[in-house]
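As C-alpha cells, here come the structures.
Paired with subunit B in one complex and with subunit C in the other, subunit A is shared by the two complexes that follow.
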Partner chain A sequence: MSLVFDLVLCLMILGTAAASLLMRSALGGIVFFIAFGNLLGIAWLSLGAVNVALAEIAIGAGVTGILLILAHARLSAMGDPVECEPTSPWMRAAVAVICGGLIVLLSVAVLSISPTDRMGAQIATLMPALGIENPVTGVLLAFRAYDTLLETFVLLGALVAVWAIAPPRGWPQRPASLAIATPVSLTVIGTFSRVLLPASLVMAAYLVWTGSDLPGGAFQGGTVLAGGILVAALGGAIALPRADDMRLRSVLVLGPAMFLGIGLGGIALGRFLSYPVGLEKALIVAIEYALALSIGATLALLVAGKPVPPAAVQEGGD
Partner chain B sequence: MTGLEYAIAGLLFMGVFFYAAGSLGLLRFPDSASRLHALTKADNVGLGLVALAVALHWGSVAVAAKIAIVWLFAIFTAGATAQVLGQSSKDETDPRP
Partner chain C sequence: MSPLDLLVVAPLVFMVLSLLAGGWQRSLLALAIATMAALSVWLMTLDPGTAHVVGGWELPLGVLLRADGLAQMLVPAVTLTAGLTGLYALHQFAPESHASNAQTAAFWPLYYLMWSAANAAFLTTDLFNLYVTLEMASIAAVAMAAMGSVRAALRYLLIALLGSIFYLLGVALILSRYGTVDVTLLAGMAEADFATALALALMTGGLLVKAALFPLHGWLPPAHAAAPAPASALLSGLVVKIGFVITVRLWFEGLAAAATPAGLHVLGGIGALAILFGSLQAIRQESLKALVAYSTVAQIGYLFLAFPLIAGAGHAWAGLSFHAVAHMIAKAAMFLAAGLMLKAAAGPRIADLAGLARAMPLTVTAFGLAAVSLMGLPPSGGFSAKFLLVDAALRQGQAIHAAVMLIGGLLAAVYLFRPLAVAFSGSETPAVPAKAPSMVAAPLALALAALLLGFAGGPLAELATGGAPATVAQEPPPSLENTVKTASEDAQ
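Moving on to the complex of A and B:
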C-alpha cells in the first residue's frame, strides 16, 4: 500500500498506544487498547500477513478487549479502585529501562534476519508434501507442530489456573452469569445473539476449512466461535456450563488430546508429530477442527471467569 | 481515470465525509442520545458508501457479495449496540426504571 497510508497508520498506532497507556480512566485506556489492536491488525494486513492480522484483531483486540472490560466491570462492582495510583519516578525509570531493553533485543532479533533468508523458499519446497497451500498452517501444524501443541496446552493450563482460584463453595458450579441486567438490553442482545451464534458457527467452520489453503485456521476460527458464545451468554440465550460438566471437559481437551494422540502415533512412523504419507491433509484438518472447538470453548470460559457459588450467579456481567 | 474510477473516488469521498460528520457529532454533541444519533445514522451511511466503493473497485460479484455480508453484520451490530448504549445512558440520566 502507499507510503502515506502506512505513515498515517503508524502515527495512529503510536497515538492509540500512547493514549491507552496515558489515559487516567482505566476504561478509556481499554477502549484505546482495542482501537490499537484493530489498527495493528490493519498494519499486518498492509504487510501482507493476513493470518497474523486475523489473529491480532480476533484475539488481541476482540477477546482481550472483552476480557479487560469485564475485569474492569467486576473490579468496579467489588468496589476496588480500578484507577492506579501515580507511580514513583524510580518505578517509571525501571519500567522504561526494561521495556526499552526488550525493544532493543527484539529489534536486533528481527533485523538479524537476513533479507536473503531462504526460509520462505525452503518452506515453499516442502509444502507440496503436505497437500495444503497455506504456508502458515504448514509451519504451525507440521514444521513447528510441537510449538503449536505446547501453545494449546498453555491455553488449557490458563483455564485451569482461572478455575483454581474459584472459592471452595463455588467449585464446581457455573461462572457468574454474563447476562445483561437491564431487561430491554437483554432482549435486544438476546435476539441479536440468536442470529449471531449460528452465523459465528458457520464462520468459524469456514475459517478453519479455508485455513488449509488460504489465511485462516484453528485459532482464528476458535476465536470467532468464542465471540459467538460470549455474545449469546451476554444476551442470556445460553447459560454457561458447570465446571464439572463432562461434555464441556471433553470439548476442552478434545483438540490438545487429539493433537497429542496423532503426534504420538507419529512415533510409530519414526518421529514424534510426523504424519503418515498421504494422510497429512486429512490429519491436519481434523486436528484444526478439534483445536478450533477447544480453543473456542476455552477462550469463552477464560473470559467468563472462575466458577462462583450459585447465590452469586446473578451478580457480575452487565 | 475512467468513469468507474471517478465513481469509486466519489463514493469513498462521500463515505469519509459521513464518517467525519458522525465523529464530529460524537465529539461536539452534548448528551449520549444525540451522540448516538450522530454515530449510528452518519456512520451507517458512511459504511454503506465505502462498502459500495470497495465492491465496485474489486468488480467481482463474489467479492461484492462478501462485502454485502460484512456490511449487513456491521449495521446489525451497530443497531444492537446502539440500543444497549441508549438504554444504559437512559438509565444513568433517569434513575427510574
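Moving on to the complex of A and C:
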C-alpha cells in the first residue's frame, strides 16, 4: 500500500514537473508548478521530514506561487508577451544531456554513500540541555544558530535589494497595490481576509509555540503570517506600508536585532550566541516569536515588490 | 570575547542601525570604521590558527571560526578597502541630501551586509556556513549591481544562483558522506572516492562562477562596469575573493585528499587562459570601467594559476595570499579613481579622458599607483605577489606558468598605460574642483596602501604562511626584502 502510494506520488511529481516545464502557457506552467510544490511537500511528509514538508508547501508552493502569479499579472498588465519563445532543438538537447548526465552522476554518488545517520545521535545527546523536543529547532536556534542568524540577514538584505530598484519617484512610497480590480471578487476576498488575517496570526503564533517540541517554528509561522497579510492586501483590507515607515522598519529588524542582541548577551557568559543555563527555551522562543513577525512582514513585502510612484499604486493589481 | 565572531556581528549591528537611522549614516560609518579597525588589529595579534566554536557547540555539529594566516591578511584588507570605499560612498550616496532616492537608502544596509559576509567567509571553516556567507554576499552584490544596470544584475543573479545550487549540492554530498561539513575535520577524514570527487567538482564549479574565473566570467564585466563606483570597488575587491577563498579551503585543506595533481593543473591552466583572455579583452575595451572590469577577470587568473604551485618549492602560498590582498586594495582604488575621472570626463570612453591629469592630478595619480600594483611593478604589493609566484614557478621548473605571469604583467602595462596616456595628453582642461576631500583621498589612500604593501612583504609573507594547511610546502618564510633588493638591483 505504502509502496503503491509512493510510486503514484513519484509519478505525479515527475508529471507535474514535466507539465510545468513543457506548458506553452506561462499561467498553466505556474499552476502545475504550485501543484508540484505541494506534491513535493507530501513526499517530504511521507519521508517523515515534517518540518521540510511545511517549509516546502509554505514557501515552495505557497509564497513562490503567489509571486509567480503576481509577476504574470503585472507583466500582462504591462502588455509584455508572457509566453516564452520556443527554444531551439539543439538547446533543448544540450540541456537534456547536461541535466541527465548530472542526475546519473549524482545518483551513483548518492547510492555509493551508506545511509547512516551520523548526526542524529550527537543531536539527541545535546537536546535535553535545551529543554525543547524538536531537534530541527535545536539545530536552527542553538547548535547552528550562527547559520540561522546570518540567514535572517540574507532575507532582510533581499528586501533592501528590492528597494534598491525602486524607480526614482517611487521612493520611499508604497509597493503597487495588490487589491483585486474586479469589485465582486474584491468584496469576497476582502470579507474572507478579514477573517483569515486574525486566524493566520493565531495560526502563526501556534506554529511558533509548538515548534519547540513538534514540527513548526519561526519560518513556518512567519510564512503563514505572510500568507494572511498577502490575502488581506489582495482583498483591499489592508494597505501596504511606505518603505520609510519607521514602524515597518522596526518590525522588519525586530527578529534579526533580537537574535543579535541575545547572541551578544551571550558574550557576558563567555561566548557569542551561548544561552545561559536554564534560560535556553525562554530565549529560543523569544527569538522565534520576534523572527516570525519579521519574516512574515519581510516575505509579504518581497512578494508585493518594489515601491512605486503613488499614481501607479492603484494600477498594479489585476 | 573574541574578534572572530565580533568581526562578523559588528557589521550586522550597523546594518540594523542603518535601517533605523535615516540621517545618521555619517556618524554610523565613522563608528563602524573605528570598530572594525580595532577588531582587525585584535585579529592580527592572535596566534595564527586561533579558533573557537560559535556558542560553545562542539564539532562536528557546531560552526568553527578560525584566524589562519590567510584570514589574518584578508580581513584587515577588507577593513581598509570597505572603510575607505565607505568614505567615498558617503558623497555618492549622501544620506542627508533632500533628494533622497532608493539607492541612497538601500546602499548602506547592503554595504554593511557585504562587509559582514566577506569577514564571515574568510573566518569560518564550515562549508555550510560558507554557503550562507555566499548568499549574503550575492544578495548585496546583485543589488549593488542593479543600481547601475538592472539587466546586468538580473543576469548576475541567475548565474550566481546557479553557482549556489551547485555548491550546495556538493555540501549535501559531503555532509551525508562524512557526517560533518567542517574543513578542519574533513582534512583528516576525506578519501578520494567517487562521491567526494563529485562533490569537489560540483562545489568548485559553483565557486568558479562566483569567482568569475574564465570562461565563467561572462556576468562580471557588464555588472562591474555598470555599477556605481563604490559598488564596483566592493564587487571586484571583496565579492570575487569569497569564491576564491572557499575554493582554496576545499582544495588545500578539507578535500585535499580528492584534489589530484591533474585537477590542480586544470585549474592552473584555466587561470593562465583567464590571464591572457582577460588582458586581451581589456586591451580591446573602449570604455574605462569595462577595461578595469576585464582587468579583474585577468587578475583572478593569477589566483588560480598558483594552484599547481602551492605544494612545490618556493612560496606560492604566500604569493597567492599576497595577490588576493594586493588586488583587493589596488582594484578598489582603481574603480574609485575611475569613478571620479568619469564624472569629470566628457563621456565614458577612454578617449574622453584627455587632459584629466592636469584637471585632477591626485585622482589620476591614484589610478596610476593602482596600475603600478596591478602590473606588478616594484615596490608595490602586486610586485611582491607576482615575484613570489614567478619565483615558485621557476624553482619548480614550470616555465610556462612563469612566462604566462610575465606576459600577463606586460599586457596589463599595455591596457593600463592607454587610459593614463590619454589622461596625460595635453589640453587646456580646467582643474576640476574636488566635490569632497574624502572622495579624492579614498582612492589615493588605497592606491598608496597597495604600493606600500610591497615594503611589508617579509612580515606579510610570514603572516600568510602562519597556520597554512598541511598541503602547503613548509619552508622558512621568505625574506622578501633581500629578494626585492636584488631584483631591483638587477633591474638597474
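We adopt the following convention: the second predicted complex is superposed on the first by the 287 of 318 C-alpha atoms of A that agree within 3 Å, B and C clash if a C-alpha of one lies under 4 Å from a C-alpha of the other, contacts with A are read in each partner's own complex, and residues count from 1 in each chain.
The working rule: a contact is a pair of C-beta atoms (placed from the backbone, for glycine too) under 8 Å apart; a residue touches a chain by one contact, two chains touch by 3 or more.
Quick caveat, the model's predicted, so the values are computed rather than measured.
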Combined model on subunit A: subunit C and subunit B, fit or clash: fit
First, second, both or neither for A:G266, with subunit B first and subunit C second: second
Touched partner set for A:L27, first subunit B, second subunit C, both or neither: neither
Partner chain in contact with A:F192 - subunit B first, subunit C second, else both or neither: first
Which superposed partner A:L201 touches (first subunit B, second subunit C, both, neither): neither
More subunit A residues in contact [subunit B versus subunit C]: C
Touched partner set for A:V251, first subunit B, second subunit C, both or neither: neither
Subunit C versus subunit B - closest C-alpha approach in the superposed model, Å: 33
Doubly contacted residues of subunit A, that is, touched by subunit B and again by subunit C: none
Subunit A residues touching subunit C - in the complex, by the definition given at the top: 105-106, 108-110, 112-113, 115-116, 118-119, 122-123, 126, 139, 142-147, 149-151, 153-154, 156-158, 160-161, 163-168, 170-172, 243-244, 246, 249-250, 252-253, 256-257, 260, 263-264, 266-267, 270-275, 306-307
Subunit B-facing residues of subunit A, complex: 180, 182, 184-185, 188-189, 191-192, 195-196, 199
In the complex with subunit A, residue positions of subunit B that touch it: 73, 76-77, 80, 83-84, 87-88, 91
Subunit C to subunit A touching residues, read off their complex: 1-2, 5-6, 8-9, 12-13, 15-16, 19-20, 22, 52, 54-57, 60-63, 100-103, 105-107, 109-110, 113, 116, 120, 128-129, 132-133, 135-136, 139-140, 142-144, 146-147, 150, 169, 173, 176-180, 193-195, 198-199
